[in-house]
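To keep things simple, chains are lettered A, B, C and D as they appear, and every chain counts its residues starting from 1.
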Amino acid sequence: MIVIMNPDATMRDKSAVIARAEDLGFKVHLSEGKERTIIGIIGNDRVINREQIERMTGVERVVPILKPFKLASREFKASDTTFPLGNHTIGGQEIVIMAGPCSVESRSQIIETAIACKEAGAHILRGGAFKPRTSPYAFQGLGEEGLKYLAEAREVTGMPIVTEVMEPALVPLVSEYADILQIGARNMQNYALLHAAGESQQPVLLKRGMSGLIEEWLMCAEYILSHGNTRVMLCERGIRTFETYTRNTFDINAIPVAKHLSHLPVVADPSHATGKWEYVAAAAKASVAAGADGVIIEVHPRPDEAMSDGAQSLKPEKFARLVVEMKAIAQAVGRDVRP
Amino acid sequence: MIVIMNPDATMRDKSAVIARAEDLGFKVHLSEGKERTIIGIIGNDRVINREQIERMTGVERVVPILKPFKLASREFKASDTTFPLGNHTIGGQEIVIMAGPCSVESRSQIIETAIACKEAGAHILRGGAFKPRTSPYAFQGLGEEGLKYLAEAREVTGMPIVTEVMEPALVPLVSEYADILQIGARNMQNYALLHAAGESQQPVLLKRGMSGLIEEWLMCAEYILSHGNTRVMLCERGIRTFETYTRNTFDINAIPVAKHLSHLPVVADPSHATGKWEYVAAAAKASVAAGADGVIIEVHPRPDEAMSDGAQSLKPEKFARLVVEMKAIAQAVGRDVRP
Amino acid sequence: MIVIMNPDATMRDKSAVIARAEDLGFKVHLSEGKERTIIGIIGNDRVINREQIERMTGVERVVPILKPFKLASREFKASDTTFPLGNHTIGGQEIVIMAGPCSVESRSQIIETAIACKEAGAHILRGGAFKPRTSPYAFQGLGEEGLKYLAEAREVTGMPIVTEVMEPALVPLVSEYADILQIGARNMQNYALLHAAGESQQPVLLKRGMSGLIEEWLMCAEYILSHGNTRVMLCERGIRTFETYTRNTFDINAIPVAKHLSHLPVVADPSHATGKWEYVAAAAKASVAAGADGVIIEVHPRPDEAMSDGAQSLKPEKFARLVVEMKAIAQAVGRDVRP
Amino acid sequence: MIVIMNPDATMRDKSAVIARAEDLGFKVHLSEGKERTIIGIIGNDRVINREQIERMTGVERVVPILKPFKLASREFKASDTTFPLGNHTIGGQEIVIMAGPCSVESRSQIIETAIACKEAGAHILRGGAFKPRTSPYAFQGLGEEGLKYLAEAREVTGMPIVTEVMEPALVPLVSEYADILQIGARNMQNYALLHAAGESQQPVLLKRGMSGLIEEWLMCAEYILSHGNTRVMLCERGIRTFETYTRNTFDINAIPVAKHLSHLPVVADPSHATGKWEYVAAAAKASVAAGADGVIIEVHPRPDEAMSDGAQSLKPEKFARLVVEMKAIAQAVGRDVRP
């Protein structure tokens, strides 16, 4: 940790900072420049409360040296995290494709969609049973009934299931049915939920919050990892910016950055990242080219009847064509989309 | 709802939209311009699924006419919502001042701070017992022990308590001790928590999320109001933007806008909105001038020992001076800060 | 144009809006719903001053129907704009690669870099002679001397030149040397410069401003097109958001959106869009997969000696490898990178 | 400057950084921690090219210690910059009020508005003769004719004039008429224009760009100051964020921050910062409470006929009432609005 003192900081101010650091057991190095004095605090600065130091008299600012996350970092684990799911491997050479409707709307709808997705080349089935909705008056999902229909669709198609869980108390119930727990963007920093998902030891798909810094996102993964649950996937789904033509701004940079900083697999969600079906294919192909380990795409047989997110859902035919295109790009970058 | 068709939409596309609206029981008006066809759907468009319509063939975009919130709106209730709390009235002519430390750290710390805040002119005591922290390794609050110390501080000073609740399961426990439940910025769209806070019938201080649109914030208030719990305060605490010199960007516009759109009281949080104690006073005074009904300010007797948010906490002397300045501004805008 | 009236607008307010529209020669349609009155103004609403209408008594908001740009739109010209440059075609089936150093630093540096870029597969040489710099104390470019060195590098390699022009008075001088005028992000809305670039009839590479909406960017292209200069390329180079790990956030969505709204070619600048060389290749490949018609990449033989933007410059070897990867992706999406 | 090395940087990498710094004449301090090596480069780091160092092998990141601006900083000049303008002093104890229409539309319009503003208490007249417009088809201002009308309005009312200049070539012409040159938000980083404004030795009102960091804004002031032109006012006019209910987000924090970092006067523009007349008064009052040295407000006698920015213009009566309110707040914070 580097402490930069104000130009008008007194010797007394500097001594106080040094004494504080030494009391905490750190070695200190003082460097007095012409315009600024710098105090270096040498050691594991994760354990020092940065804001306390910032609030000491004469301190201009504090620069932490170490990344705040540990278990999620490449320094802790250099090699990519991979794990099997169904007949596929997450985080490995193949690109994993998750697809399905935004919401489970009925037994027939989810089974019909699951079959269409499977035929088009999807590996994992997505579908929401508990839905976070901006309006309390909108469809909130079928709840446990929806989970049952998902399980039936899994039986029919053999595809594992990813579905969202929105509150800690429901983690056990959702874990009974789901193969992957999805933490939604609005809940990225719902710490009680992160703890519960960590404890569950289920694979987790952790969406980045609309205004979540990449480092904060990794800190949220750290919450889950700290329970010994290592099967965590990061999911970039677009961030909120001033541009409103698309629903979100797809932060494609986040894919290589997250893979550089962390060993965890990164999945892209081009449906939410664009919010309009016309742009989903371009964003999905870009994800694969940028190094994503998987994609999650909303597919609905009749998007103009979808109870949520119809505008960003692909019809099965378009999705099938997209799988072929993604496979070609995967091969162009030395990876593959397997059957 | 206004549906704008693509320039190349066919008669068949237009008829399909009209038929859909009529099937839903709406009256429709068709307006064919030279460059675009517009279909007006007349009536309460809150019940139509906008995304379904957007996904119909030939539709360019859909413009909703009505605001998505109802109970929170001025149209539903024209006059300001006011309610008593302790010896003061929230939402009325007086400006209510909430103050206290970020976290409850010990029995003595909270009682000492409460007495200092009370003497300086505060009306309500803030203090966190359950703390949302970016890092799983940081101090997470004292939990129920912290709530007990808060209750003791209330006994000593007579000030009502506002404290954060982070998960639905803890709403009953926190409600036993707190006079106001705080929903934090990270949990603005934690719908399970909003439902639980609504059901509790406790006064709620609802912080705006870091990337929450003003309309989304009001929709979150709607979740609480929909349970018949009308004692909801909106709290502007800064939004996340590209500017990083301050911790957040204080959206001062949100104060008059929220008061224009809604009848609910609006409280400003200049501590989080700036993140640096040097700027808290300027932001607090600006809030009062802009029409806020209250402020919530972090105060700590020894900020360089605070276990969280030390950098943005005022010492009691500075806070006391600020109360005097806010009172002068309150009077300049026809309001007051009462003892 | 749709005018939405306040719920409390009077008959007199509505009549005033209708009268105003009719005086301007428009047909009007009135639709009185239960909660809102809507006034439709039918015709080319680009000529009505929206803000005047918004300021009329009783008006809640105004929704324009037509896009504000015309010459830049697909409706004006449905087919892709293409034009030859050197031995290549911009906007056609092939992906055009522009490469070179941020700044021209010396005769030998630009010639050495040009040769390396050409050998690696670049088609067009980039290099700044006039440099916009955040600090008045930083290197501001070699000026006309730099242009002369660029022209020499063109002679040696046969590659056309793209270089930035920063003020209207310099457009004639820069046009003498350059094959493409670059308008930088900071100058996207420098209207005097846009007019001058339009008048020059030179090909223009128009970078998107750091906070430019896609529609505003197209309006800036419209300024150039309105002079009959049709050889305009749009260049997405990242936008400014809350995320600071990368220099900018690459708005990959902007590529398919700009191509959907406009017939103009779209070029991506992964160097500025990421700001760190480690992520340039991922972003460049994503651009090609998303449908960009070209890329512009900073290459420097010794980035740690570059006088500007060293951190985001690729060494020639890395660039050569990237060209091979981009070619593979281009082919995967039915396009090509030609020699 | 602090150089933080990668965990896997070699001795050779570290030596290269040290050698580079020593070659540039700096003293160096090496600190080897358990997880990271830190190299401190001691001295005036403004002259080192940060990006070159960042691009050296083994470097993780570089932290500059000194602020990039000098002449604009409080360290260079501790006391507030003040200067007389007409009968008033900018930057002193009084709050200066600038008012007038967005555009000069006609001789009678500007004279009528000037008289009304003067009567209401304004000190300086604003009005645009050259207008930056998003659309090339919108009214672009009356040009020199507008400047002449402004000069006439000055003669009638005695108020000095502030008006925008958009290109370097027009600085001499605009300077003939104007008392203050305004640099608009879109031109904050138009460096040729900043140089020309600096050379003119005229007072300058420098608006912050829509996505300009506070430090970048001060660097732009530095461009002007570097010509020995010390009469520079900073103008906060709102920044672009995800919130679209208001035209911009008024960054009220920027007022105390700019005054903390710099000795230059700070003016607020609540008209652009909100974009809707309903919220201008709240924002103007907040500006004064937050410490602004002046405000600039759009006033139009008939906003629904204004040729630009009608939606955010106040009528003279409302403006007159606002001046009274601002005076009360000015006095509450120990300042004043003088006649």
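Criterion: a residue touches a chain if its C-beta (ideal position, glycine included) is under 8 Å from a C-beta of that chain, and two chains touch if they have at least 3 such contacts.
From a predicted model like this one, the values you see are computed outputs, not experimental measurements.
S.K.: Determine, using the mean of C-alpha atoms as each chain's centre, which chain is farthest from chain B.
M.R.: Most remote chain from chain B, centroid-wise, comes out as C.
S.K.: Looking only at C-beta pairs in contact, point me to the busier pair out of A-D and C-D.
M.R.: So, comparing the two chain pairs, more contacts are at C-D.
S.K.: In whole angstrom, what separates the CA-based centres of chain C and chain D?
M.R.: The answer is 26 Å.
S.K.: Please report how many Å separate the Cα centroid of chain A from that of chain C, as a whole number.
M.R.: Distance between chain centres: 31 Å.
S.K.: With centres defined as the mean C-alpha position, give me the chain A-chain D separation in Å.
M.R.: The answer is 38 Å.
S.K.: Which residues belonging to chain C are in contact with no fewer than two other chains?
M.R.: Correct list: 211, 240-242, 244.
S.K.: In the complex of these two chains, what residues of chain D are touching chain A?
M.R.: That would be residues 2, 4, 7, 29, 31, 33-36, 38, 40, 42-44, 63, 65-66, 75, 240-242, 244 of chain D.
S.K.: Spell out the part of chain C that touches chain D in their complex, as residue ranges.
M.R.: 46-47, 49, 51-57, 68, 132-137, 166-169, 186-187, 189-193, 209-211, 216, 219, 222-223, 226, 240, 277, 303-313
S.K.: Inside the complex, what are the residues of chain B that reach chain D?
M.R.: 211, 213-215, 239, 241-246, 249-257, 260, 273-274, 278-279, 282-283, 285-291, 325, 328-329, 331-333
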